[in-house]
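Quick one: the structure is below, and I'll ask about it shortly.
We call the chains A, B, C and D, going by the order they appear; numbering starts again at 1 in every chain.
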Amino acid sequence: MKTVSAPYQFKGGIHPDYHKELAWKSAIERMPNPSELTVPMSQHLGAPAKVCVSPGDAVKKGSLIGEQNGFISASVHAPVSGTVKAVVQSCSATGRSCQAVVIESMDDGETEYFEPIVEWLHTHKERLRNRIGEAGIAGMGGAGFPTRVKLSPPHDKPIDTVILNGAECEPYLTSDYRVMLEHADKICIGAEIIQHILGAKTVRIAIEDNKPDAVRAMEKACAQERQGIEIDILPTGYPQGSEKQQIYNITGREVPRGGLPMDVGCVVENVGTSLAIYEAVVHGQPLIERVITVTGEAVERPANLLVPFGTSYRKLVEHCGGVRESVAKVISGGPMMGFAVGSLEIPTGKTTSGLVLLPSGCIQQFSSQACIGCGRCVDACPMGLVPSELSQFIEADDIEGAERIALMDCIECGSCAFVCPAHRPLVQHMRRGKTGVMARRAAADAQTRK
Amino acid sequence: MDSETIKFILTPFLWVGLTGLVIGVSLALAAKYMAVREDPRIAQVTELLPGANCGGCGFAGCAEYAKAIVVDNADITLCAPGGAACVDSIAAFMGVSAGSVEKMTALVMCCGDDESAERRFSYNGINDCAAADALAGGDKGCTYGCLGYGSCARVCPVNAIIIEKGLARVNKALCIACGKCIAVCPRKLIKLVPTAAPIHVLCNSKDKGADVKKVCSSGCIGCRLCTKFGDEGAFVMDGFLAHVDYSVPITREEVIEKCPSKCIRRN
Amino acid sequence: MKPENTSERFIVSSSPHIHEGSSVERIMLDVLIALTPALAAACYFFGFDALRLTAVCTATSIATEWLCRVMMRRNRSIGDLSAAVTGVLLALNLPPSLPTWMAVLGSIFAIGICKQIFGGLGYNVFNPALAARAFLLISFTGMMTSWSDSDWSATLTLNEGVIDIATGATPLGAIKDAVKAGREIPGFTLAGVARLFIGDTNGCLGETSVFALLIGAAYLLYRRVITWHIPAAYTATVVIFATVLYCVNPQTSVMPHIHLLSGGLVLGAFFMATDMVTSPVTKRGMLIFGVGCGVVTMVIRTVKTGAYPEGVSFAILFMNALTPLINRGCRNRVFGAKS
Amino acid sequence: MEYLLLIVSAVLVNNFVLSRFLGICPFLGVSKKLHTAMGMCGAVIFVMTVACAVTWCLQNFLLKPLELEFLQTLTFILVIASLVQLIDIAMKRFVPPLHAALGIFLPLITTNCAVLGAAVLNMKQGYGFVKSTLFGFSAALGFALALVIYTGLREKIDRADPPRCFQGVAIALVTAGLLSLAFMGFSGIVK
């Protein structure tokens, strides 16, 4: 085990005010089970799970309530014991509507977990992958890509490096930080399970240099472990937590355009995912809860809560003492890439890393001003794009033109809109353009199939 | 006339004529021996175009535009100098139908303006319905209703759509039923209806009556009153949403009064 | 597009939800602040005329902007201060003795024709102040090139000891006249150079005092309103060009530092060429832009038969026209692209 | 040096489009996309060079000996038009790829007054054969430069938001005027 500074640094990026001090001192506390939970079937990327319970059924904590539906999908389990009250349509943070199971909770302390695999090092990799799959684990950094798929790269793409993403470059959020501080040893074991499954040579744990105590905690936890684990300290900045940028910083390899990390022999997993893998393998616990940071200038008592999925945002805010001042914006996730929500009646899920409540003074106000061509977005873009030009193309509905100048390489990190003095909604333009490109590609596909 | 004058007049004639002849013959020979076969329709469409070669259509000259029409099915309405007559002749030549039998008009199947339909949150972003719809499902309380950010109005080639109180309205007199607004609406609530049809159900919400009432005071609640008071078969229920069967002639217009949420309206 | 939060409703927008706090107004304010030293120097050296022209240009620009927006039925944009910046910049590019009505005409041209017709700030393709200056220069060449009487020419040295320079010429004008007439090029004493630096010479209001301009430029660089790329590339090109010329033919050319200190080079390089709307967005593009400005400036300045002694504004205008092409050709390498 | 000055003069100082205001039609018509503008430039350079060479021969070997200079305009038009046609046909037959790139612009050039202008100016200046051809080439180069720059601007103003009454050709002409203003700086550099 050794600790090094990441040898490379990607071009671009920004340095926002982090405001992490709001919540980073508060230790993870377990949120009491609410009386009723609405567990969405789509908490991950891909096809929603298929409901496999019906109203009136009794479920235990950990019982399967939604079956994995297709290859890119993840199963869903009951976060608490209780009775299924109904199957309803519920709204997710992104505004998509999906099926959800409403469970009336009943604290009987009973669980229905998987059989623990303590001797994981001597267990067949396929069995571990299946366990991760049946536990419904999806990337907990924000995108929610099913982890089982990520850990099953094709044979022609050997993985030599596992990167554990503990950068947490999103302002305000502290959940990964607290998890690293309090569960460092479990994360290490989780990382080793990933390493074992992929047969990777090294594990690199990436942490930004504004979290020195997390670095120390991870160092301590890893010290007694085997060789091949390395802690890479990244200079604080955004988007250090972005997969492609992180791989570049640590290994100097650039994920090719349109490619995936596995194309350069890397797999990046969030530290929270690593913890979930540990729990699923060693304790047999499916993914039914996670640490969520409830923070922001508009919340009374910022905290890091261990929350069972399906708890509504309103319950989280109430648990944290309610709102402090007139709240203008509620963000599910971090303020750079999270989703603003229109109401608090939204259930938490596997990708909810935080809930940030901001008063009107702290938020971005987009305007319809024209681009003044200052080029700051060009300097800020970590992908080497020209956001100003892209947005102008998209505004003029020249989607083809935008695609030609690498629209699809945009990672929607928001660095451009963060620095734009004209406060243009650049990311929204990019998304709109991407939707247009996707539609066109789908139409072209349909044409060729005809 | 003396011979000087004759010479003075004849020589230029002779020379220019000669030059023209040489050039003409060589061009004719060139055209014959170096001909390249192409779709004869291209030449014919080129004939139909005004031949101003103004490039206003975005193509490099009339021949190029004709080629685009024949080969790539380009839009035939791009030629400004040619005008409507040109469009008609090309339409006739290419066999593209110019108009359908029954005159249709686009209609926004929503009457929930800012007074009757509530908005769930304040939207802050680009003026585009699809973009607004992609953010937390759109700010309108009703997930079926018109968002009113005017994407349809912007694509309308004849400026027939206006946004009033957060609701798009089609001006029947101007609408040419081109269908561009229908394609661009993220909520798919603009439909082509017969221009002659007198009344319509201006609601698109398939939700139960109680849910509709929560978000909009002028949405169809599925009460079925119109099926009782209207003409036989003129109103058809699709779940909790009534709609007009335009093949049935309407005689009893008092349903307009009977509809409790007043979403049956004249257009 | 108006975000309002009247009731209990939250604001929903696309990410990112936070902002670094910069704004167009702040940038324009910074430019105005940075122009203050030059303005003060102009008042000191040219007296009331400086105040008169600045006030007239600024007021007319703002009024024109307001009128255009009203006529176009668009949201008012005076608040973004860009019209004020254009007005001040135009005033600094005018000779002190210019009649007021010409300044008014120039301001209307700058805002009306060069900016608002295109849709306002951000859409214009040419720097409004410079285009207006070029417009005035071509339309009223006489008034635009008659200067007040500064005794700066006393500091010139001539081997023959005869100072044969028309009063009311700028240093560059004097040099060009000499070259055209085949006379000896005047040399500059140290005191003369110092006066060029301080700004006690003939020229447009804002361009003479290099010292004051550099103070403002330092502020702009400090506030990161501009980056070093365009000014550095511009001035470096001019210096290299002038050095080469001087080495090749010292009889008909002046030392590079005279080129740097005279005319509108500093004003142009730091305040006009760096105009965000009309200059490239990438760093590589900015360098090319700066080099292009430098070359064209020196071509206009030094070619014997050229009609104008000074080429900064035309050079920048010319490069403004090339900006879209530079932007097109100088995109950064996309992350992960094969190099 | 003399030739260099001729080139600079024709390209920058007496730019055909921006100071002589010749060839405005294709300048406005084919400046919407850089790709097509490039094709036009190639075709114009080609045709103007050839046309200047041919018309010089015509003038000096046919019209002058016969004292028919007053037929200059007529014959030039005739010759240029047919020349373009001939080139078009030949190109289509023998170099289809070049025809695909340039060919579509050739019929447009027939009506390009810049070509005739170059030919007539040549005769006025009394250039020799080499100089005539060079003048044709550099004038076309100037046209190409103006067209390419203008196309860049045009692509930007296409995305701009002018008031309704200035949209389209109006704003394009205003831009062309301002571009012409920018080129004024070169005036006098070469006589």
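By our rule, a residue touches a chain if its C-beta (ideal position, glycine included) is under 8 Å from a C-beta of that chain, and two chains touch if they have at least 3 such contacts.
Just so it is clear, the model here is predicted, and its values are computed rather than measured.
Visitor: Just to be sure I understand the contacts, which chains border both chain C and chain A?
Guide: B, D
Visitor: Using only Cα atoms to place each chain's centre, name the chain farthest from chain D.
Guide: A
Visitor: Could you tell me the distance, in whole angstrom, between the mean C-alpha positions of chain B and chain D?
Guide: Once rounded, the distance between the two centres reads 39 Å.
Visitor: In whole angstrom, what separates the CA-based centres of chain C and chain D?
Guide: The separation of the two C-alpha centroids amounts to 33 Å.
Visitor: Averaged over CA atoms, how far is the centre of chain A from the centre of chain B? Could you give it in whole Å?
Guide: The separation of the two C-alpha centroids amounts to 43 Å.
Visitor: In whole angstrom, how far does the Cα centroid of chain B sit from the Cα centroid of chain C?
Guide: 48
Visitor: Hunt down the residues of chain A that sit against at least two other chains at once, touch-wise.
Guide: Residues 339-343, 365-366, 368, 370, 395, 425, 428, 431 of chain A each touch two or more of the other chains.
Visitor: By the touch rule stated above, which residues of chain D touch at least two different other chains?
Guide: Within chain D, the residues that touch at least two other chains are 161.
Visitor: In chain C, what residues contact two or more other chains?
Guide: Residues 1, 3, 5, 9-14, 119-120, 123 of chain C touch two or more partner chains.
Visitor: Chain touch graph shape: choose line, ring, star, complete or other and state it.
Guide: complete
Visitor: Provide the residue numbers of chain B that touch chain C in the complex, in ascending order.
Guide: Residues in contact with chain C: 119-127, 131, 135-136, 139.
Visitor: Contact residues on chain A for chain C in the complex?
Guide: Going by the criterion above, the answer is residues 10-11, 14, 16-17, 171, 244-245, 248, 254-257, 259, 326-331, 335-343, 356, 358, 360, 362-376, 378-379, 381-386, 388-389, 405-406, 409, 412, 414-415, 417-423, 425, 427-428, 431.
Visitor: Given the complex with chain A, which residues does chain C contribute to the contact?
Guide: 1, 3, 5, 9-20, 22-24, 26-27, 80, 119-123, 276-283, 286, 327, 331-338
Visitor: Which residues of chain C touch chain B in their complex?
Guide: Per the touch definition, chain C meets chain B at residues 1, 3-6, 9-14.
Visitor: Across the complex, what residues on chain D touch chain B?
Guide: Against chain B, chain D makes touches at 25-26, 28-30, 32, 36, 39-40, 62, 66, 68, 71, 74-75, 78-79, 82, 85-86, 89-90, 92-94, 96, 104-105, 107-108, 111.
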